[in-house]
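Several structures are given next for inspection.
Note that chain A is present in both complexes that follow, paired respectively with chain B and with chain C.
Right, the complex of A and B next:
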């Protein structure tokens, strides 16, 4: 059989797998994504503190943050909140105040994209300020939509 | 003339004594890091910058919390000791970064008013934490779990500090 014969069945199987993902799978994946995002943010802060404004590590961290900011829109399908009874730090407000949450996601995406550009410039003062602004956008979302830690 | 000289000398001595007393009180030459002027104050920062600093502080504390849990498991023997050095290094790094993060007067997060009204005292506590964490990290480099365990209580005064300086979790 031709290879092209298998394209449709593979696409259908992939779609079926995505549809079949349980809330637990979604939440687990989301947590892993945020942990990776947190690690990239830590690398950013550590590198800025150490003065590595032109380091590859900082550029890579900024790129990871920017990619996460673009991908995050797909991390919150319906049913993956507290009502799933799976442990999650995502507050119900993400879905009950969806417009506000979307605005917070947009703010983060804008800040992350801007930060990636700032890092590419190598401008020390702009990078320091950009890292703070990025943190502020994270905090803004966390304050409203994330259960506080411990 | 002699009386004038005596009175003048007396006045000079009193003035010199007062100057010496004032000099001592100012603590010139005895400045400790915690007594130096804060790097920035909230009044000079935008809300965005302040939020960025607060978020950074929160992330540092979360890192210390995660490392403390790992260290606890290693000390309890429920986790292998391979990560002992890495974990104690991470704690001291975050402790030192926290000192700098809190040196800036930026109220917010879960910091109680006492952090800022008793800022010098608070920073002394943080600096002691960083020093003791450094001693623990040096022990961690040797791979000796017992040595690290012996230093943990002094190096990780989390509860005492939190009771005094950290507000309750927001609902």
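Right, the complex of A and C next:
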């Protein structure tokens, strides 16, 4: 009850922040979000490689990834692309091919949610396969919508 | 095998040279085509090769040693002013010594950063990347890219220099790296002093062991 009371003001504040944010702010926080996502995914891979299939670190990393997958829909407001003249690896195609981008975001969100469930199950082979598929969904988006850097 | 001429390069140094050529190309092509399993294998073999060469540069045959071929700046300047037509000393000339050192250094950086590198998709990463953070792993990947371009440039200089010596100075440098012998050295010049099989086994064992250990992520 008490918690729901806060939802409206928080939503309003978030909306206000989104409106007030300049493209530079948006891009800066987007980069920070992806770095955190990359770090969580690296923790996932390192933990899986070390055989820590039931470790809390893996569960936390999976939860962070799936939270990022839910939040990423808000990371690309119009005007935060290359035309902003701020350094970003986001390609203009994110906005010009919005349907395809949305589909790629959905694929990532689906994979991330599934992975969180798989991690909870503790099935080692499924966790390994899930981590690969999750990485493939990162790549699926990067190949079309991110400026290649290596 | 050609037995004409003075001995200048021993078998391990020649194997290192051509092995590095082969695995450099394999590493390059496998990375370009996304065959990352081959890239790891090739990179780890290159790690063993470079470790061997660094050890061989200290305990190996005379012409392979850093102390023998890394000369003072004065000696290098003197060589540039008056390069002898018929060299009296086996192995690298003073300028070549620096070229080789630069390539070995760049190759060490290349292999070292590959061990730590993390790709943007989180799909591929070096065997020691678990020791560093995501951002450090990304930085390693960026250096991996820069040092690769640097290596390409250094190799181009190396090959052009060999072509220059062949065309303008009639100096054949490729053949000795194959046969180990240099027929163009001045008569009575100082040849290579070998290092023997025990040192070779020691250097190869340490290098191979360390590379294998790195491939396991330094498991103990």
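Assume the second predicted complex is superposed on the first by the 132 of 150 C-alpha atoms of A that agree within 3 Å, B and C clash if a C-alpha of one lies under 4 Å from a C-alpha of the other, contacts with A are read in each partner's own complex, and residues count from 1 in each chain.
The working rule: a residue touches a chain if its C-beta (ideal position, glycine included) is under 8 Å from a C-beta of that chain, and two chains touch if they have at least 3 such contacts.
Just so it is clear, the structure is predicted and the values come from calculations on it, not from any experiment.
For the composite obtained by superposing both complexes on chain A, the positions of chain B and chain C are in clash. In the superposition on chain A, contact of A:70 is made with neither chain B nor chain C. Legend: residue contacts after superposition of the two complexes on their common chain; A:38 is shown touching both chain B and chain C. In the superposition on chain A, A:50 makes contact with chain C only, not with chain B.
In the superposed pair of complexes, A:87 makes contact with neither chain B nor chain C. After overlaying the two complexes on the shared chain, residue contacts for A:102 are found with neither chain B nor chain C. Of the two partner chains, both chain B and chain C are touched by A:138. In the superposition on chain A, contact of A:146 is made with chain C only, not with chain B.
Residue contacts after overlaying the shared chain place A:129 against chain B, while chain C stays out of touching range.
The superposed model built on chain A shows that, among 4-12, 40-48, 76-84 or 148-156, the segment of chain B colliding with chain C is 148-156.
When both complexes are aligned on chain A by C-alpha atoms, chain A residues 38, 41-42, 45, 49, 132, 134-136, 138-139, 142, 149-150 touch chain B in the first and chain C in the second.
Considering their complex, residues 38, 41-42, 45, 49, 129, 131-136, 138-140, 142, 148-150 of chain A touch chain B. Within the complex, the chain B residues that touch chain A are 47-56, 58-59, 62-63, 65, 97, 100, 169-170. Looking at the complex, you find that chain C touches chain A at residues 118-123, 125, 129-130, 133-135, 137-138, 141-142, 144-145, 217. The residues of chain A lying in touch with chain C in their complex are 35, 38-39, 41-42, 44-46, 49-50, 132, 134-136, 138-139, 142, 146, 149-150.
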